[in-house]
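See the structures that follow.
Next come two complexes built around chain A: one with chain B, the other with chain C.
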Partner chain A sequence: MKLGILISEGPYTHAASDTAYQFVKAALAKGHEVIRVFFYHDGVNNGTRLTVPPQDDRNIVQRWSELAAQHKLDMVVCIAAAQRRGLMDAAEAKRNGKDADNIAPGFRISGLGQLIEAAIQADRLVVFGD
Partner chain B sequence: MLHTVNKSPFEHGCLGECLKFARKGSAVLLIEDGVYGAAKGTAVSKQVEEALKSVSIYALRPDVEARGMQHRVMDGIHLVDYGGFVDLVAEHDAVQSWL
Partner chain C sequence: MAEAAEGGKVKKILYVNRKAPYGTIYALESLEVVLIGAAFEQDVSLAFIGDGVFQLVKGQNTKGLEVKNFSPTYRALEDYDVTKLYVEGESLRARGLVEDDLIVPVEVVDGARMTEIMEDQDVILSF
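Now for the complex of A and B:
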């Protein structure tokens, strides 16, 4: 079955990103296809590579990056939500005259159309948020 | 339809709203702080018991155990792991998250 995932809560807030991660892992283990993970609103904060959680805590961002690399996940960050919250890739940093970028490996910045497309193409869209 | 509820019924009205809208034969999965709605003998347990007559109610076991609730879950509520969550999503034609 094709699954689309929407995450609208940041890391280390409540549990949306953790639940979504465990759900995606379980779905992949069962042979389902996760066609896209879309990060919206504060959910875009899951995509900054500059987080440094304590060593005895889970590294939420890195965990997503690793899962994406393992399973070739398409992880998309909403551009408008990202710009508001200071999340950018090299191209966006240059376009906006910023001195650095911070997007984590495996994430890409794109538009809300990617969420609509995932909702249309997936058999189920599962929403995790606040 | 599968409904998911992730807020405690003692801080948010979404479990009540969900149970009001859930149609007969649909499923409700309590996750995160939503699992507090599965506890016996609370201010909302009567409402949940009543709902069990027409909908199936599940609670995510890891979230139940994280809150030390495993011995307080009311009869008729099924515990599932993340794989069970995935199966519920696959078995129902749509998923509504009550955030």
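Now for the complex of A and C:
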């Protein structure tokens, strides 16, 4: 089955990102195809490479980056939501006159159209939120 | 709405709005998805349940909150061919509201009918 994933909450405060991660991993292991993971609302904060969780805890951001690298996942951060919350790649930082970028490996910034497109193309869009 | 841009697929997409408009950003960012999504020419509906019904209340004044009042945008949805707005009657009544308090024309439905509407969808985006 072709799956689209929407994650609406940031790391650590809510379980949404953890649950989505476990779901995606399990779905891939079962041979399903994950066509896109879309991060919206505070979910964009899953894409910052600047998190430093305690050593004995899971590293949510890094875990997503690794999963993306292993399975060539398309992980998209909503640009409008990202701009509001200070999540940017080098191009966005330059365009907005900011002195740094913080996007983690495996994530890319794009528009909400990518969410709708995933909803249309996937057999199921699975939403992880509050 | 008969032809879709994306390979001819037209899906039934329901946006479920569950939160009051200014306590969290969900209502505003939901609206942003609806507006962008309109370009994809899908079969779109909006549902308002629970505190989500507050999003449609007339006469919102956000001056004191120093937050943008985005409620007029609901009136613009018609221009985007988004015309199916369902409001759960129980949610309205529980909050002392009636259909006349709302900023746009809606179809008030009961919880059972709302369940049917949800079952009829291909995609449900919940905010």
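Operating definition for what follows: the second predicted complex is superposed on the first by the 130 of 130 C-alpha atoms of A that agree within 3 Å, B and C clash if a C-alpha of one lies under 4 Å from a C-alpha of the other, contacts with A are read in each partner's own complex, and residues count from 1 in each chain.
The working rule: contacts are C-beta pairs under 8 Å (C-beta built on N, C-alpha and C of every residue); 3 or more make two chains touch, one makes a residue touch a chain.
Small disclaimer: the values here were computed from a predicted structure and weren't measured.
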item: Partner chain(s) touched by A:Leu125 [first = chain B, second = chain C, both, neither]; value: both
item: Touched partner set for A:Thr19, first chain B, second chain C, both or neither; value: first
item: Contacts of A:Thr51 with chain B and chain C, given as first, second, both or neither; value: neither
item: Partner chain in contact with A:Leu3 - chain B first, chain C second, else both or neither; value: first
item: Touched partner set for A:Leu112, first chain B, second chain C, both or neither; value: second
item: Contacts of A:Asn102 with chain B and chain C, given as first, second, both or neither; value: neither
item: Chain B versus chain C as contact partner of A:Lys30, first or second or both or neither; value: first
item: On chain A, the residue positions that both chain B and chain C contact, one per complex; value: 8, 125, 127, 129
item: Chain C-touching residues of chain A, taken from the complex the two chains share; value: 6, 8, 40-41, 80-81, 84, 111-113, 115-117, 119-121, 125, 127, 129
item: Residues of chain B touching chain A in the complex; value: 4, 6, 31-33, 60, 62-63, 81-83, 85-87, 89-90, 94-95, 97, 99
item: Complex contacts: residues of chain C adjacent to chain A; value: 4, 6, 9, 11, 13, 25-26, 29, 32-33, 36-37, 39-40, 42, 123-127
item: Of chain A, residues touching chain B in the complex; value: 1, 3, 8, 14-16, 19, 22-23, 25-27, 29-30, 32, 124-130
